[in-house]
Amino acid sequence: MLDIQNLNVVYGTGRLRVDAVKNVSFHVESGAAYGLVGESGSGKSTVLRAICGLAPITGGRVRVDGQEVTTPRGKAFYRTVQMVFQDPYASLHPRHTVDRTLSEPLAIHGEKDAEARILQALREVGLGPSFRFRYPHQLSGGQRQRIAIARALILRPKVLLLDEPTSALDASVQAEILNLLDDLRRRLGLTYILVSHDLAVVAHLCERLLVMQHGEAVEETTADALRSGVASNPYTQALIQASRGFTRADKPSVQALAG
Amino acid sequence: MTKPLLDVEDLRVRFHLRTGTVEAVRGVSFQLGRERLGIVGESGSGKSQTGRAILGLTPPPGEVTAKRLAFDGIDLTTASKRTLRELRGGRISMVMQDPKYSLNPVMTIGEQIIEAYQAHAKASRSEARDKALAMLEAVKMRDPGRVFSLYPHEVSGGMGQRAMIAMMLVTDPDLLIADEPTSALDVTVSMEVLRILDELVTERGMGLIFISHDLKLVSSFCDRVLVMYAGRVVEELEAKNLREAQHPYTQGLMRCLPTLANDVRPLPTLNRDPSWAL
Amino acid sequence: MAGSPLAEQPSSLRAWLLSPEPNSRWQARLGRFYLGWRAFTRNPLAVVGLGIVVLLILMAIFADVIAPYSPVAGGDLRTERLLPPSETFWLGTDDQGRDIFSRIVHGSRITLLVIVLVALIATPIGLLVGTVSGYLGGWVDTVLMRTTDIFLAFPRLILALAFVAALGPGIENAIIAIAITSWPPYARIARAETLMVRNSDFIAAVRLQGASTPRIIMGHVVPLCVSSLIVRVTLDMAGIILTAAGLGFLGLGAQPPQPEWGAMVATGRNYLIDQWWVAAMPGIAIFVVSLGFNLLGDGLRDVLDPKAAK
């Protein structure tokens, strides 16, 4: 479904040159969920943004559904690939009602039957029709994220790019959104690319994942391997260790890497 | 039993707004010795307002009342402004969430630590400078001399937060309130910051109030945990006994987190019972 | 809150407006408007400002009914010239024996015309230039903003004077001149607001739906700039009225015998010591209307643009 070969993303030139992503390659089967894990500055979000055209592809190639993507992306691309952002407080237009937010993609692509599709989209993300004419400020964080997911799904894309979709939410709300995403993928046969700093979240949603550090791919592994604590790379080990919570015993490996 | 360092009874924080009065903290009571106490809750549970109220940092139009709010025998509700000012930053310090917003952007880190020290201790400039450098070393800065002369925007988030901790601990406080001190940091960096905090708190025998939304982190870091919901403490328990939590809210919070250890799906969600908020 | 979706009795109108679950686009919009109105009415000075502006509009509409005399036809120059305020001539008469009250009432039409036309010409230009420049960036931004800078470099009255001198005196040319000189600050504001939102996630989201650039600017960026622009335009109205009056005063705006307030002050200047009312009355009118717009603008700012307040 998605094939990325030697992707490079470079911002700026000369002294200001930043290599945000260096030679990253991975392949995602149709209907699979693939995770990108790393800390801030690892380039994991930049990979997502490069796929959907919000960041430049400096080198390498991105293939979606067998076709290499064009710059600028065409309308057909956006019907295939959609994105959900990290902060639901920033990703909804503050002056638009839910109705307007959801009808916009339909209007752009000249879809008919907006009324029914909006109600269906709301139903899919577990919200009733009573939410249709609310403004974002009348919604909680979890409800906003559900609207953002509904907006991404309303064009019936095949690939969903998820950029830290739960990290701005409370733990109990995170569980609801993770369940929803899990359920939607099965029901609609979606392909996910999930970016997160939280190993547990990635392992919960994805089968395979790529650990990134400083713009480079460190290790490709599987959720099962993570669960059993198997990792060949010391950085992945450190991440697994950190995700288990604070330990009093000294772990020099973590310290050495984190500095 | 020794006299508690901090004694809080029936603490309430109210905000009088145009639309009515909102009670953010509704009768919180606890005692703190020289130990690590965690306060856990989701957004809107009143955990941060509890920490702020102890320091007298409740933003207007908030109103704080308490049957008793005493620090080391000093009644904070009736203490003069002068006494409060001396305590704040002197014997009680606070570390905030994001170092970007809590460090002064136009002063070097060293200057800020010196200023914090001289505000509460009579010391010459060179003494204060030595103390600041020692403090930067204590928070494991690799090159304290260099960090001393850097501005906040020139250091990473983890270094900024460590500088913040250095600044807050330079006066040797008896009580440190840390409000989400690591949630703006990467996991591996935050582990390191926590380790430094842990060492300093243990070495100096401070009391620590650790406010966080992360139940897992708090239970692994603190001795005792207060779980807050809708402005109240719904459960208080020893951190090591967290698995035996009685309150359905605490249990729900524990279960709804995905873990690497076991794969549960769908994740159990939290059914909020209105009676919890009563 | 829950239940009775059709509760539209007057008693529950408030509840209907404030419903957290609006049932239609209109209810959502009206509810938002009502909240804004409630915030607005909390500021008594703003309500006074709104009252003055409404009064000006009513005065302009019903000028023929309100004014007791003709605003242009002169009276008997022997008996009705330069009379002080009295029961027959409420605000006195001018050097042509015309009733000053009637002239001020009719002059409100000219003032309102200036305000409406300037707002209709300058605001869209400023909005368009600002949002396009801010959203597209690059060389488009450079060209548009340097052009704006050139216009900004001249004081408004001087530039308006130059335009009127080139186009010839008259109220229409004065309006065009004022409009041409007032858009640059609006472009600046719109650009600043656009720069704030252009990299936000909700703009990225609509780009990822395949929206075209004009669609993003018109449908998503402009609505966020409009409120601060409305505030600025309202606050600017006082200055626009003064500029129009200033041009009139210099004889470059409305031409006699049109009852333009600035021109009326100019004629009254000759009799300032002995017949003070001739200049003072239109002067007071200019002052009150300017004040009204300023108060209204302050109130609107508190409602529409809470960040900028104080």
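Remarks
Chains: A, B and C, in written order; residue numbering restarts at 1 for each.
Operating definition for what follows: a residue touches a chain if its C-beta (ideal position, glycine included) is under 8 Å from a C-beta of that chain, and two chains touch if they have at least 3 such contacts.
These figures come from a predicted structure and were not determined experimentally.
When C-beta pairs in contact are tallied for every pair of chains, the largest tally goes to A-B. In terms of the distance between Cα centroids, subunit A is separated most widely from C. Subunit A and subunit C have Cα centroids separated by 47 Å.
Averaging Cα coordinates per chain places subunit B and subunit C 51 Å apart.
Separating the CA-averaged centres of subunit A and subunit B is a span of 32 Å.
Residue positions of subunit C touching 2 or more other chains: none. Across the interface of their complex, subunit B is touched by residues 39-40, 141, 170-172, 174-176, 178-179, 182-183, 197, 199-201, 203-204, 226-227, 229, 238-248, 250-251, 254-255, 257-259 of subunit A. Interface of subunit C with subunit A (complex): residues 20-25, 27-28, 32, 200-202, 204-212, 215, 219-220, 223-224.
Across the complex, subunit C is touched by residues 52-54, 73-75, 77-79, 81-83, 85-87, 90-97, 99, 104-105, 108-109, 130-131, 133-135, 138, 148, 151, 155 of subunit A. The touching residues of subunit B, when paired with subunit A in their complex, are 42-43, 142, 157-158, 186-192, 194-195, 198, 213-217, 219-221, 252-253, 256-261, 263, 265-270.
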